[in-house]
Amino acid sequence: MRTISYTEALREALQEEMTINPDVFLMGEDIGIYGGAFGVTRGLLDKFGAERVRDTPISEQGFVGASIGAALAGSRPVVEIMFMDFITLAVDQMVNQAAKLHYVLGKQARCPMVLRTVGGGGRCYGPTHSQSLEAWFTHVPGLKVVAPSTPADAKGLLKAAIRDDNPVIFMEHKLLYGCRGEVSGDPDTVIPLGKARIARAGTDVTLIAWSWMSAEAGRAAEDLSTQGISAEVIDLRSLIPLDIDTIIASVKKTHRVLIVQESCRTGGFGAEISARISETVFDYLDAPLLRLATPDIPLSASPSLERAAMPDRSRIFEAARKLVEG
Amino acid sequence: MRNWYRSMLVMRLFEEKVEKLFSDGVIRGTTHPATGQEAVAVGVCSVLKKGDYITSTHRGHGHFIARGGDPRRIMAEIFGKVTGYSRGRGGSQFMADYRLGFLGGNGITGGSIPIATGTALSAKIKNTGKIAVCFFGDGASNQGTFHESLNLAGLWKLPVVYVCENNLYAMSTHVDKAIPIPHIADRAASYGIPGVVVDGNDLLAVREVMQAACIRARSGAGPTLVECKTYRHSGHSRGDQRIYRSREEEALWLTRAPIRRFRAVLIKRGALNQENDRRLRREARAIVTEAVRFAKQSPDPDPATLEEGVFA
Amino acid sequence: MRTISYTEALREALQEEMTINPDVFLMGEDIGIYGGAFGVTRGLLDKFGAERVRDTPISEQGFVGASIGAALAGSRPVVEIMFMDFITLAVDQMVNQAAKLHYVLGKQARCPMVLRTVGGGGRCYGPTHSQSLEAWFTHVPGLKVVAPSTPADAKGLLKAAIRDDNPVIFMEHKLLYGCRGEVSGDPDTVIPLGKARIARAGTDVTLIAWSWMSAEAGRAAEDLSTQGISAEVIDLRSLIPLDIDTIIASVKKTHRVLIVQESCRTGGFGAEISARISETVFDYLDAPLLRLATPDIPLSASPSLERAAMPDRSRIFEAARKLVEG
Amino acid sequence: MRNWYRSMLVMRLFEEKVEKLFSDGVIRGTTHPATGQEAVAVGVCSVLKKGDYITSTHRGHGHFIARGGDPRRIMAEIFGKVTGYSRGRGGSQFMADYRLGFLGGNGITGGSIPIATGTALSAKIKNTGKIAVCFFGDGASNQGTFHESLNLAGLWKLPVVYVCENNLYAMSTHVDKAIPIPHIADRAASYGIPGVVVDGNDLLAVREVMQAACIRARSGAGPTLVECKTYRHSGHSRGDQRIYRSREEEALWLTRAPIRRFRAVLIKRGALNQENDRRLRREARAIVTEAVRFAKQSPDPDPATLEEGVFA
């Protein structure tokens, strides 16, 4: 199979879905000629024109809300928020409008929109350009939350998100854009939302992660194997819907869990995973359920501080080793 | 024309009934009556075509009725019954009928402005010929959503009409204590779109302005901001003692009340006499009575359905 | 001691702090002559004038942001957001501005502001007027989150929040406003943020809750005692800072935990409590850590559906009884 | 006047140096140079009093320098060093010096507009006589915060001056593709406040307009919206190839460049000659060189301090 980057995979998904379905259109700041701050939409303006690749003024609340309206009227908008940190401005539209429409108004109200955005640190962009805010949206019934960690997943999940009839928060990661991997060129290859991926099978400990942390967990698992520790890595892919079955099956096998979360510890989605495991397979646990996360601080711009803050391959390795060796 | 008159009567009696039911403790939750604003709702909706979109507000029963909503199902929703438009899930502020193009009330002041804008955007991209009408209040015009949305619409010349019902108050706050200029319509200039002030208690005037705005929208020339000067005779929501305004002011506005005024027009034009006025009032009353009966005898939603339908 | 309502207690706190400190002022929609949607600020306009009891236009983003600016310039604003559901509009200002200033800019930047708002269901106000969104803000380093459940706590904690030099989200509850209780009339009585309250001591099971759920948990504990079950009720009072020591001590005593949360289950603060307990006192647990919460749905306006959704005295009783009896 | 000239030179050389350091990979993160916008920063700050507040943007090095910030500590912050204004925590977009009244850059477009408004509110309530100046870009004027804040300020007659640096672009988006009216200053009318357009590349013109606006603010008459028409000569941020605009347009604007223009004025007025021009340039260069030296030799923040200072 071909090897392409995460960025290219996302672009392919957009391009294929726009080609298949004329109702799909894109909206966001500087997504046209500029191709988006991270280049994901580069070239799409030329292919589809300014009506379907629509540069917006800097008005996150306005254009996210407009995408909801467009979805209700039968379009399938994919909007880009340049950095996840700015999703703060669109919270009301996503939470009080998009998320609630179907539950309250029933089948007549369908809101098939995707909000693409990019979270995460590692690029020294500082406190307001490095946040991972996915946890908030997992606490909002009616929103799906997706966070791919590989090029193949990026493409397959974005296609599924676009085809989904619900509002989807689609979280990309700065450090993943350049990563390369094998990706199907078949426009029919879609990865369903709600199925986790066992990125690596193992027996001694389960590492649960999503987005960039999945990639780091995978590398940590390699390192662990050199120490004779067999780690299973579960890449959640989507947080909502959550594939709890895959988690449970793994816990029943390994009896030890390390949840790895990039965002600050308190109130992150790792807590939810921990709570779910406690509620469902408590008796299978042989060791405390642990989380690895950024401490409860904003991420700094300074490389030295940012590096010190974020979980990474070696910290995952250490935490998992301790957990297994007790 | 008599239909419009009847529609206004239904709206008025409906709201009065709802207020009564609330103060009697028959209904729970909250409600925002649009008593006195009938000419806006009916005037605006009277110029729309089938398929056009409307977004409403927290004060939306009248918009819904004027757009052809079934008073029985609206009342049932206010009662929280399963026969309501939202099967009891939404309540007074959150019901819709998409077949009528009525996309729903909104609990968030200003929350529907981007959404109406987006329906117009979709209509434009898909070239459906539909237009959108967005109702909101004077208070809502101070929300960021107003600014961002009207800018998008002005920029992209979207087929949308923004209808600001300036009823002088946002809850207890007089418009002069919230907006430092006399006419909200003048804000349209910030977005390169026309702003029009109209007497919102004059149904025919509202129609005239709206007709022009809709033609403009349909022709691709872009949005219009229509400010309808009106007054809410009732309190903001149940329990409002209206201590923030004088009884004199209220009395003054009663003399300008839209239904009475339109009746005078109809009579003058020979379209109405005492007899059919009485008949229309009887009909309106019957509609509201039937709505209450329907709502009362409808069942509550089944708690077993509680978790259904979060996702499509 | 005098008995006053939660509403009166809040009002007393505001009045006392405004009297003591001329830098304190209030801002919000309809807080002046109207006294706020729930009457908390009633009468304060007459006492302090329109400059310090400031009605705002409907501009949550704007006036919350303005309160941050005012705080930075040496004032101590207390802003009211009429319903917690509308805090969605002020998320950016709280998260990207208020929360980060001190960490990034250091001591020079102090943001002593309180954002008062009211969460919760039970009044049939429907999906956009009944939410409890506190969990989001626990995931934002730099914000304190307070949620009193009694009149005494309402007063003492609000005073502490106003005196605190950090931005504080102060969450009230619709169903608590009318509750009455003994409250100190001494303007020096302040309840520090970060100390939980053992609302009832017990030995068989720990019920952890905050806001309205604390009150319900207290009543459930009474019911449990009639069945011979001794429940300890921890009222967190503040979620951030979290009094983990009190929780740990209780778990070590009872070995069983039921966390009661009003907001929808997934991603709520109950998950964080669960995760913390797992991480710290896993070995003391004799039964799965359980959460009781509203299901993952919006709250309906319909009385029958709302009642069916929210945890209450009897559901807490049932869940605790099952947990203890195994 | 020579001080202003020197300040502009420092600002220019500083930004050029930062761009170079980024493209050489010496610094990480991102940066937004204000090359070409020197007359706004220096002109505005030159009329302010000690204690007045400023809020800045993502493009804020120049504002900070013009307000008296220490170029060494600014540079150190950009380097992520512990000697930086934010001890490396904030980076290019997020540093401040409250003693100078410089309340900081802002990573959120439009995010500082309510905050500046709030400092003015506090100044008014506390009657300190201070005023606030709020910098933001053409792009930011499309944010809801702009609307909500200017409305509050107009309503309450707050002592604040809103300075919109219209540099024709928000990132790649030409202002005509974002705003359907020719002058952002005209948006002031929505809030009952004066809006003034000024040539932002003419330092003396900026000063004049700002002086009037500050007098107005200090006198209690309320806010002003000042739109400075200018141009950013550099790319938006590092890596920007400027494919969204022509080299011709850039060349045209170079002929209007503010430093060159102000130099001509100074020479004409006899306030500058070749010799002291050369000296001032040397001084400016030395300041920037020293800033880089200082930043380079400063230590990184100690990771052990990572969790300190989340709360006051």
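Some observations on this one:
We just call them A, B, C and D in the order they show up, numbering each chain from 1.
Going forward, a residue touches a chain if its C-beta (ideal position, glycine included) is under 8 Å from a C-beta of that chain, and two chains touch if they have at least 3 such contacts.
Because the structure is predicted, anything quoted here is derived from the model rather than measured.
Common neighbours of subunit A and subunit B, listed by label, are C, D. When chain centres are set by their Cα atoms, the one at the greatest distance from subunit C is D.
Subunit B and subunit C have CA centres that are 35 Å apart. For the pair subunit A and subunit C, the distance between mean C-alpha positions equals 30 Å.
With each centre defined as the average position of its C-alpha atoms, the distance from subunit B to subunit D rounds to 45 Å. The distance from the centre of subunit C to the centre of subunit D, with each centre set as the mean of the Cα atoms, comes to 40 Å. In subunit D, the residues that touch at least two other chains are 86-87, 89-90, 94, 106-108, 142-145, 147-148, 151, 155, 177-179, 310. Multi-chain contact residues of subunit A, defined as those touching 2 or more other chains: 56-57, 59, 61-62, 85-86, 88-89, 92, 96, 100, 103-104, 127-128, 141-142, 296-298, 300. Partner subunit A is touched in their complex by these residues of subunit D: 28-30, 80-81, 86-94, 106-110, 139-140, 142-144, 170-173, 177-179, 243-244, 300-301, 303, 306-307, 310. Only residues 23, 25, 51-52, 56-57, 59, 61-75, 77, 92-93, 96-97, 100-112, 141-142, 144, 165-166 of subunit C touch subunit D when the two sit together in their complex.
Interface of subunit C with subunit B (complex): residues 29-30, 32-34, 37, 55-62, 85-86, 88-89, 123-129, 295-298, 300-305, 307-309.
Across the complex, subunit D meets subunit B through its residues 142-148, 151, 154-155, 177-181, 186-187, 189-193. Touching subunit C in their complex are the following residues of subunit D: 53, 55, 85-87, 89-90, 94-99, 103-104, 106-108, 111-123, 125-126, 130, 132, 144-145, 147-149, 151-152, 155, 309-312.
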